[in-house]
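Here subunit A shows up in two complexes: once beside subunit B, once beside subunit C.
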Partner chain A sequence: MVSQVRVAGVGMTPFGKSPERSAREMFGDAADEAIEDAAVTPDQVEEVFYGNFMGEFAEQQGHQGPLAAEAAGVNAPATRIESACASSGAAVRMGVDRIRAGMADVVLVGGAERMTNLSTAEGTAGLAAAADALWEINQGVTFPGAYSLMANRYFEKYGGDREDLAHVAVKNHDHAVNNELAQFQMEITVEKVLDAVQVCSPFGLFDCSPMSDGGSAAVLVSEEFAQDHGLAAPVAITGTGQGSDSLALHDRESITGTPAADRAAESAYEDAGIGPDDVDVAEVHDCFTVAEVLAIESLGFYEKGEGIKAARSGETTIDGDLPVNLSGGLKAKGHPVGATGGAQISEMTKLLRGDHVNSDAVSDATVGLTHNAGGTVASCVVNVLEVVE
Partner chain B sequence: MSDEERVRDSGYDDFLDAVEENEPFYLRGPSGNGWLPPRIRDPVTGERGLEEEPLPDTGEILTMTTVHVSGPSFADDTPYVVAIAEFGPVRMTGQVRGVDPDDVEIGQSVEIGVDRTETTGERLVVFDPI
Partner chain C sequence: MVSQVRVAGVGMTPFGKSPERSAREMFGDAADEAIEDAAVTPDQVEEVFYGNFMGEFAEQQGHQGPLAAEAAGVNAPATRIESACASSGAAVRMGVDRIRAGMADVVLVGGAERMTNLSTAEGTAGLAAAADALWEINQGVTFPGAYSLMANRYFEKYGGDREDLAHVAVKNHDHAVNNELAQFQMEITVEKVLDAVQVCSPFGLFDCSPMSDGGSAAVLVSEEFAQDHGLAAPVAITGTGQGSDSLALHDRESITGTPAADRAAESAYEDAGIGPDDVDVAEVHDCFTVAEVLAIESLGFYEKGEGIKAARSGETTIDGDLPVNLSGGLKAKGHPVGATGGAQISEMTKLLRGDHVNSDAVSDATVGLTHNAGGTVASCVVNVLEVVE
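And now, the complex of A and B:
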């Protein structure tokens, strides 16, 4: 029988600006917290999957898998997973698969990224490396630029405007106000979003997630290990799905949707034996305001073309029918890219366990979903978390 | 960096050469899908047998954005307009040049060309409104 995978412990550093801290140091902190939270010991960890995107670029440090394990005090096979901004979502998925395959009972997953030691221009260039180097980067495509291409085509096809997008940013900042781990614990207004300095049309500064430093980690264990060792691990990862697509946006079947996320969601729902209507709370990859819109459509919460009004109508706010990004999302919590997927697991686990600052808003929630995307969603990992005890 | 110093990217630079020689092409798969080089198989169907076909003369802008914040390679080019244009069965990304960004519209007809960036002098794909 395939083992059910439990989230025994989670941890993350506060996200924000700590340019002096190396990725290894940040992952070490997050892993230490996760191991402590899980009530396991480092010698019980049998494998490590660590997400990191731009280590070579930002800190001239490749080969970060063993470095991450070392920082966690773990001596076990360790592999770095790189799928751009979906790196640690993919690392989580690798851990889930390893336990389900019966090859391990305790796996440490997560990731870290150091970004703010770079200038804005360097960081922009580093992030752009997630796009097609020949056919996009050579033409001057930036990461926000690529999402702007999607947003403007979306507006053309379905309607919607900058103000609709501004409500996504306002919502996610609202959610982060009391989250001590978030980079921006402050409210913003629609006017402030609309009046911000332009990055690339239609995005102003507040449509974009920030450059951030941070680490995240989770200890995944088999159900049997949790029982045998008396671990309190009420949350399980019951479904996981991943999708890929052409790296260049122009080669995709759709540039107003995210087909890789459609596929990842379909797989994850099938794996968990649930559907979109069963989801009580979601953490989605809002690297830009429009990215949240595209995510909630791909996840089946909204029809194509209808997600644009969700935040503005209040349906995805903290007191809405389906709260999205109660952590503050990438927008306000911050986006140290290699740590983001792991941080979604950390925040969602706390939301479901009841020890997140925003847990009271979803006190009856039993099903949570995380959506972690890489590049302009050439990679997407969706994980389903459920309260099983 | 001059062309003499830069190592070519086969497929990509071959395409730019062809555009400069007024013989732009794309790769057509057996199912009719259009792609840019280098490719051996159609990534959607998995089919082999991609063949060079002449690129249609006129493309249409599907979407565009004016970039104000760039990486170092385009620092002296900002603001600039990046667009995705559709030339029959193939789509590609390039910059719309020679017009005020406010005058570029989705749906506009364009011709393909090759120009050089202000910042590095590297070649890039450009779309000229017609």
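And now, the complex of A and C:
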């Protein structure tokens, strides 16, 4: 009998600019919060999976797993998981595996990233390591450029325009207004998005997630551990899925979709024994506005070519049928890349437990989903969270 | 009932200098060999765990998991595991978890590293990212320097000298003479080791493993899959263990021992249900000669302070009671860091199956152990392999 994996506690630092803080330090803060929230002690933690992407560029520091554990006050096997911006989503999945394998009852997962100590040029160069250095970066492709190719091709194939995308950014900023952990607690308007300085057509500044610093953590426990120790852990991770694809866009079967996310979603739904219609609320990887559109299609919430209308129609807003990115998403909450997947777990757990600032909007929700992507979705991890008590 | 994990196939590239080859390309070659050796097809592989440490420095390439899978012709979730020089040992452990969790029946594990395209100074700087950037590297510590501190302190506490260490290098070169995959197929003498150019006292050139390029892979399958598909997979991974420690030496409880390896060994023995006396043959992480000494003590083969005598006495040579590093070890086989842990699995599987060039020396062996360390053993993974059929 495989154990059900519970989220016993979560934590995250405020996302934003704290260039003087090391990744280990930020993870330590998030982990302290998660461990306290879980009502466990550091010495009960049996394993650490830690996501970090840019440590070599930002801090000349690899081998961050043991550093992360030490910052959390934990003496346990600790491993860095690197799947570009999906690093901590993948770390969460590893934690689920370890508990299901019966190898641990208490696992600390999460991640951290320090980015704003770099110049924009340095940061862009560091992020570029998530794309194909031989076939893309050498040709001058950057991430805004790669995603803009996807957006423009999507427009050509399915329709839609910059204004549709602008509604994604406006929605996510709206959601973040009261989220004290978010980098940008400010509303924006469609006009402001459309009038912003252009980054790479069709993207203006507000189509892009920011450079951010931050850490995130979650304590995962087996159901038996939760019961034996009387932990309040009403949320379970009932399904995980991951998919991979070519890093280089030119080798993909599609660039108007995200096949790795299709596969991750399919696996996660099968693992959890649910389907897209069962999902009440989702946190998805909106590193660019178009990325949210592609995500909600890959997750099966919309047919291919239909996701572009979702934000504009209001269906994915806080008052809509399927609120997406109630945290503010990467766009407004911020995107310290190695921390993002773990932060999605933190935000979703709070949304489902009822202690998130936006919980009231989804008070009946029992099924939440997180979608964390790396590169131009060459990696994708989908986790399904359910209220089980 | 947790499934027993079998090693169905293994592969590795020759280790040495191939600076023109990318890490993905080398992993692809190793994976092709492992997949063929396993008699499975790439589309049967359900998951890839890939170790790489220095990709950001050597190739400006992170996010190598999907690249590695693609090079192997595999379309499956693929994740890069980074624990410095223990990266692919940790990847193997992840693969064992995934099968034990019942989440996959066929997992491709291994790693690759490209290093010799870098200058010695660049390579040393890249490797330094495995130590603590804030507390060690900023002070000018390099890896030869850090390990020399450990060696000198060991000498002071327990005795022993450079000549004892020289026997480790001589032994491992002897073992590699007929290993066509080894970087150095040449015998050396104690005099040659002692007379070599000094790197960092007490280490001369031959106390240090080389910069190398290479890839390694193994196909792990569940026992049920092996049975259902009629695979010859006589070797099982019956135990895994991992330990972590402070990256910085000054925070360790000991620098004349390797506590992370003590913990990894203890966990692996418990997991396998064996003890040190049951081990017939071992591959250990001899990045420097003293590292082998510390390894065989942490593994419980020798009391603390006694391991220094092992090579000189002949107990760990090919004709000894417990042959260590029959592949030639990192010293003579080479050390493409992200590939090393996987290569240990490849060499040990062949030693136990009887198709290694040095198998005759251990023809009665049924239990093998691999010890893969990261940094100054801030990470350590121990895997136990047993002949089960």
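As a convention for this text, the second predicted complex is superposed on the first by the 389 of 389 C-alpha atoms of A that agree within 3 Å, B and C clash if a C-alpha of one lies under 4 Å from a C-alpha of the other, contacts with A are read in each partner's own complex, and residues count from 1 in each chain.
Throughout what follows, contacts are C-beta pairs under 8 Å (C-beta built on N, C-alpha and C of every residue); 3 or more make two chains touch, one makes a residue touch a chain.
From a predicted model like this one, the values you see are computed outputs, not experimental measurements.
J.: Regarding the shared-chain residue A:Pro336, is it in contact with subunit B (first), subunit C (second), both, or neither?
T.: Touch partners of A:Pro336: none, neither subunit B nor subunit C.
J.: Using the superposition on chain A described above, determine whether A:Glu59 touches subunit B (first), subunit C (second), both, or neither.
T.: After superposing on A, A:Glu59 lies in contact with subunit C but is clear of subunit B.
J.: Among the partners subunit B and subunit C, which is in contact with a greater number of residues of subunit A?
T.: C
J.: Just subunit B (first), just subunit C (second), both, or neither: which does A:Ser246 touch?
T.: In the superposition, A:Ser246 contacts both subunit B and subunit C.
J.: One more residue to check, A:Glu136. First (subunit B), second (subunit C), both or neither?
T.: first
J.: Go through the superposed model and pick first if A:Ala101 touches only subunit B, second if only subunit C, both, or neither.
T.: Second partner only, subunit C.
J.: Let me test your reading of the model: by the given contact rule, A:Ser22 touches which partner, first (subunit B), second (subunit C), both or neither?
T.: Touch partner of A:Ser22: subunit C, not subunit B.
J.: Have a look at where A:Met150 lands relative to subunit B and subunit C in the superposition and call it first, second, both or neither.
T.: Touch partner of A:Met150: subunit B, not subunit C.
J.: Looking at A:Ala90 after the superposition, I want to know if it touches subunit B, subunit C, both of them or none. Which is it: first, second, both, neither?
T.: second
J.: Is A:Ala69 touching the first partner subunit B, the second partner subunit C, both, or neither of them?
T.: second
J.: Is there a shared patch on subunit A that both subunit B and subunit C touch, and which residues make it up?
T.: The overlap between the subunit B and subunit C interfaces on subunit A comprises residues 128, 134, 137, 246, 251.
J.: Where on subunit A does subunit B make contact in their complex?
T.: By the definition above, subunit A touches subunit B via 120-122, 124-125, 128, 134-142, 144-145, 148-150, 152-153, 156, 197-202, 246, 248-251, 253, 255.
J.: Taking the complex as given, what residues does subunit C use to touch subunit A?
T.: 2, 22, 48, 53-57, 59-63, 65-67, 69-70, 75-84, 90, 94, 96-98, 100-103, 128-134, 137, 241-247, 251, 260, 263-264, 267, 374-375, 378-379
J.: Which subunit B residues qualify as touching subunit A in the complex?
T.: 9, 11-12, 35-36, 43-44, 62-75, 77, 80, 82-84, 91-95, 106, 117, 122-125
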